[in-house]
Amino acid sequence: MKKILVATGGGDCPGLNAVIRGIVKRASQEKDWEVWGSFEALNGLMEEPTRLIKLDDKTVAGIHVLGGTILGTTNKGNPMNYPERQPDGTFKTVNRIPWLVDRLKSKGFDAVINIGGDGSQAISQAMFEAGMPVVGVPKTIDNDLSSTDFTFGFQTAVQTASDSFDRLVTTAASHHRVMIMEVMGRNAGWIALYTAISGGAEICLIPEIPYDLDVLVERIKGRYNEGRGFVNIVIAEGAYAKEGTITASKGEFGRHSVRLGGVCFSLSQQLKDAGIEADIRETVLGHTQRGGTPIAFDRVIASVFGVKAMELVLAGKFGQLVILKNNDYTAVPIQEAISSYNVVDPHGTLVQAAKGLGISFGD
Amino acid sequence: MKKILVATGGGDCPGLNAVIRGIVKRASQEKDWEVWGSFEALNGLMEEPTRLIKLDDKTVAGIHVLGGTILGTTNKGNPMNYPERQPDGTFKTVNRIPWLVDRLKSKGFDAVINIGGDGSQAISQAMFEAGMPVVGVPKTIDNDLSSTDFTFGFQTAVQTASDSFDRLVTTAASHHRVMIMEVMGRNAGWIALYTAISGGAEICLIPEIPYDLDVLVERIKGRYNEGRGFVNIVIAEGAYAKEGTITASKGEFGRHSVRLGGVCFSLSQQLKDAGIEADIRETVLGHTQRGGTPIAFDRVIASVFGVKAMELVLAGKFGQLVILKNNDYTAVPIQEAISSYNVVDPHGTLVQAAKGLGISFGD
Amino acid sequence: MKKILVATGGGDCPGLNAVIRGIVKRASQEKDWEVWGSFEALNGLMEEPTRLIKLDDKTVAGIHVLGGTILGTTNKGNPMNYPERQPDGTFKTVNRIPWLVDRLKSKGFDAVINIGGDGSQAISQAMFEAGMPVVGVPKTIDNDLSSTDFTFGFQTAVQTASDSFDRLVTTAASHHRVMIMEVMGRNAGWIALYTAISGGAEICLIPEIPYDLDVLVERIKGRYNEGRGFVNIVIAEGAYAKEGTITASKGEFGRHSVRLGGVCFSLSQQLKDAGIEADIRETVLGHTQRGGTPIAFDRVIASVFGVKAMELVLAGKFGQLVILKNNDYTAVPIQEAISSYNVVDPHGTLVQAAKGLGISFGD
Amino acid sequence: MKKILVATGGGDCPGLNAVIRGIVKRASQEKDWEVWGSFEALNGLMEEPTRLIKLDDKTVAGIHVLGGTILGTTNKGNPMNYPERQPDGTFKTVNRIPWLVDRLKSKGFDAVINIGGDGSQAISQAMFEAGMPVVGVPKTIDNDLSSTDFTFGFQTAVQTASDSFDRLVTTAASHHRVMIMEVMGRNAGWIALYTAISGGAEICLIPEIPYDLDVLVERIKGRYNEGRGFVNIVIAEGAYAKEGTITASKGEFGRHSVRLGGVCFSLSQQLKDAGIEADIRETVLGHTQRGGTPIAFDRVIASVFGVKAMELVLAGKFGQLVILKNNDYTAVPIQEAISSYNVVDPHGTLVQAAKGLGISFGD
């Protein structure tokens, strides 16, 4: 009997359970493969005693509709830089990848499917280079991996944000307000951009396009002057103002400086400082975007990723990452996949289309 | 032809449009009644030129599914305390109710249906006492009117909050986090209480029950110690700690002192100050709770309220507020309705049931 | 240690799991009570070997958001009329209630909480009369129990139907069609009535008001003549035409005669036979109305019902059914509760309000 | 001032209004373009008097969230084969394209954007060949156009079907039933395939893979024998059995022979005839799949299609169809686009992945 270990690492993302189910469903069609899960990324394997669970058709029944991951996850304890207690009581950072590969083999595992983002796939690659047969499944709520057109979770986050936005629009219009909604995206503004187009925002602020406060103020005042007395703004948590365009608040509210409500809070203040007299209200969606049942689109991607990952294992193709490219499910070397990062192109098709819809980016 | 004026006042609330549609639909079955709407509460009538709109079956077609109000609304310019510019340029607060009733009559209105909360209904009563035939329709997202068992909008707010809560729970469980979700409710904790029961929260903090920080900390640590490493907290924006139970933060974070994230932000800080080491994440639902399409339950209440209000007008029963009491649609004198206020009873059935479900109120 | 047995009987209903969780959560606060579940109503107890499961906080974690029942259910094998195999191979119907009560006691059960509809509560009453301490929890998707204002599941069914209706309306309007949507309700038209009001239907057909086909035809033609070329119809599966009003189809399409699409199919044919030339499209919601996650309102009712049922057990108050009456959670004798049935009153407030909204019942 | 005419043709599809809004928003950024809409496809232009409407920012405000089309649509009166009344009272089919192009020019239109499916785009091409500057926007709920990877509406239909499926699964499991859900798809099984993967169906029947009844029966009985007593089936309305595999029902239930419940009804009967004893329940989603607010993904595609179409007009690139190919928005000649049709490949990636998930296609 051959054994495969599955782990989920990094932040939450709708669809993780559907990937796990896909792997197990496909594996159960083979006579000679067993699937095991490691709790909390690879920690379940690294600890003594181990915390592993055998996964079969019954364990995964119905889990594709659930958010989160039945295996739990963690952001701590990267085995490439593991804090190891020294005899003198201090901690030293060590590379535990070789030890990890030995442990996997000593526990009888023939392969690993590692589901996770950049950090997790760097571990996948390191394990692969250290001799472990590994297949990676990409996970990024931000849709910022250049090797795959879409990943599971992203469209669910956009849907959740868009639904909330729809709810805010009616209040904005009835009360003639400026509504600011902060969505995820520290470095990539995809969620904000898609939400702004889907929801019909007037303003969309993303990390890729620093905004000019004067431009925003002009746009907002213009709306009120032309008799349409409300403005809806989507802002990515990583958005920030151009150098020198904020005077009153400068120094006080830098990028990421206020975590709850983050830039959102500061934007509200910035607008007030700059003379916007309309009522301004903020909403911070926070982790609602990362949780909950995946939309159908994401369940399909995640389920197929799971099946594909298992088929790569069966075919003996390791060091590969499952992707969806040009509407086809295929794979690329992990090494290649994690070397480039996909942010919004300020001059690309989608931003231009958004501008065609009348959305201002404050530039 | 007889004319009726409809106005919507105060904060946004899902179902306002369904009330308007109900009034118009019922009125259109009479040969001799016309319905007019005043934009932005009664301001549309008070301004010169007036901003009024004739409402017929076509104007209201399909609006029952929309959030907000097609008439717009405002919180400003209460006619009972109207800021009137004096010859010397200063402002003086005057009671413009008599003037308002004159104006209504001079514009040919035979009756008014005023849809709104406490403040709006005080105006309804004042107009009624000044000789204007008025019928009131209650509106409170907080469900805090003692004369009616339910009003439209409340259950929609609870549903929106509960849906968001469901999304947070999966992340909390996967990441072993403390999740804090702030919902509406400055004086009444109904939305928080219903959401906590619906969502299966571990902790629910409401204005009616000041919390003891030590009790919260004990409960949270207990959860982690028994191996269920996550806690979900619903907090009403008006919740606050008991006197003397917060030391480090005292003075810094009073009730309502921090508006964005409000008490929520301070609660997160309070918990950290008190030694909670787990990751804590906050979500502030804000106005998403007040907007969007009403759930079916609220559409039914609102639509029937509209029909009932028009039937009171037809029957010549004025000074009345439409209510839903003991599962029946009826009416009470406005005067009686606005004299009492319905907050959560800390010893009542629902709080006891919530405790039976294991929900802690921090008391 | 005292033991209680929980069972769920009859048709599916969103909220069953929340009731189970409520019972277990409340019981877990007592030192001396264990909760057990019987699979497939009481069959799990009656079979040899038994199929019972011990329920604790972990078993019920998170189940309140799930549709269906973790205990399964069945419509078969009523113990009051149990088909018992005789020595000669034939079956005879016997009353196994006394045997059932003996078995409960011999298995060490001190009390039973029986969740179910009319049939299940008749069994509850019979067991109670035979000496078993029983508490009942009412379950009816149709909201047809007169002793309780609302039960869990009903509003979820209405919401599901209303959401589907909203989707149909846009197509009806764009294509100038007659849309017929069949909802549940063989004897009571509550789901149809609430859905019609919530959705803004033009026509609502329910079992309590037999329709006159000529009236429907006139209404439909009227809509097309006045330039609003579409009609949306909600029909309860038990609706039927008045005697003598259908000529062409009479005899062919009686009440309940065509199960898939039921009366709906026949209504479409009836309208065509009667000269309606517009495109007619049908949707049969079927069991989508009985399944899925309960809306927040129903989760609250169900959770509180569970806690209340356990508290009745603790207080030693048996032979009682938990109810929600006049906005308060209380209890009535089961005997009293199951003796009357609550259908839509053709002259009641809601039907009159619906007519005020322009909804025709074909009468 | 230059004028453009917009029309929407064929069946309903979530996203049509977002396309219209996209066109108008983009055009409003030009000084010299006016956008007009023709009611009910091109009929509004062809009739006398015309039924046209000028579209500006206010007309299209907020329509992107609405299902249907504000312009209405129709399946009747194809101008390529127009039934023209002859002097003797009979009708003759004539090609009115030349007349239509003349009429467009005489009414001052400089370009046409035609939103619609195969039939509509054939008209687009004919008008283009007759000298009219035309840009096409593809519309197909079935996702069966080979030139574009995705179109708006498809994912919304899948989401609606998947949501309904989720609701059925819980009842199936609790009651040990066979649930059959019929979705759209007469010739292409994409909606059924995506829904089956998203929902976790056991069986998926599509037009591209005729099913063998014996295979289905074996699969269903296998599920019950292994103790998992429920089966969920998704069936496209155009699915049908292989020749010779249905004996009892043969001749009675051919493909498309029973329209309401279509094959679904017959499948239920076929299974009963073939010895399945479990309860079988059917749901026919019908037009709920074509209506309602589009999901965010579809709103983005539709909005960008609208902007792109207008930009093609501005760039003078006619005879083109807007598409989304390889994750990029671009265009192809209409002629090329409508010449090939995209059905599910029985040996393609998605069907293989579905089989990997344990979904049987009855082959």
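Each chain carries a letter (A, B, C and D) given by its place in the written order, and its residues are counted from 1.
Methods note: contacts are C-beta pairs under 8 Å (C-beta built on N, C-alpha and C of every residue); 3 or more make two chains touch, one makes a residue touch a chain.
Please read all numbers here as calculations on a predicted model, not as lab measurements.
Novice: Could you tell me which chains are in contact with subunit B and with subunit C alike?
Specialist: none
Novice: Rounded to the nearest whole Å, what is the centre-to-centre distance of subunit C and subunit D, using the mean of the C-alpha atoms as each centre?
Specialist: For subunit C versus subunit D, the centre distance works out to 35 Å.
Novice: Please work out the Cα centroid separation of subunit B and subunit D, and write it as a whole number of Å.
Specialist: 41
Novice: Check each residue of subunit A and list the ones that touch at least two other chains.
Specialist: Expected reply: 163, 166, 169.
Novice: Among line, ring, star, complete and other, which one matches the pattern of chain touches?
Specialist: ring
Novice: If two chains touch, include that pair; go through all of them.
Specialist: Pairs flagged as touching, ordered by label: A-B, A-D, B-C, C-D.
Novice: Using the touch rule from the top, collect the residues of subunit D that touch subunit C in their complex.
Specialist: The touching residues are 11-12, 16, 66-69, 72-75, 160, 163-164, 166-171, 173-176, 179, 260-261, 264-265, 268, 281-292.
Novice: Flag every residue of subunit C that touches subunit B in the complex, lowest number first.
Specialist: Listed in rising order, the residues of subunit C that touch subunit B are 21-22, 25-26, 28-29, 57, 61-62, 64-65, 149-150, 155, 158-159, 161-163, 166, 169, 194-195, 197-200, 293, 295-297, 299-300, 303-304, 307-308, 310-311, 326-329, 349-350, 353, 356-358.
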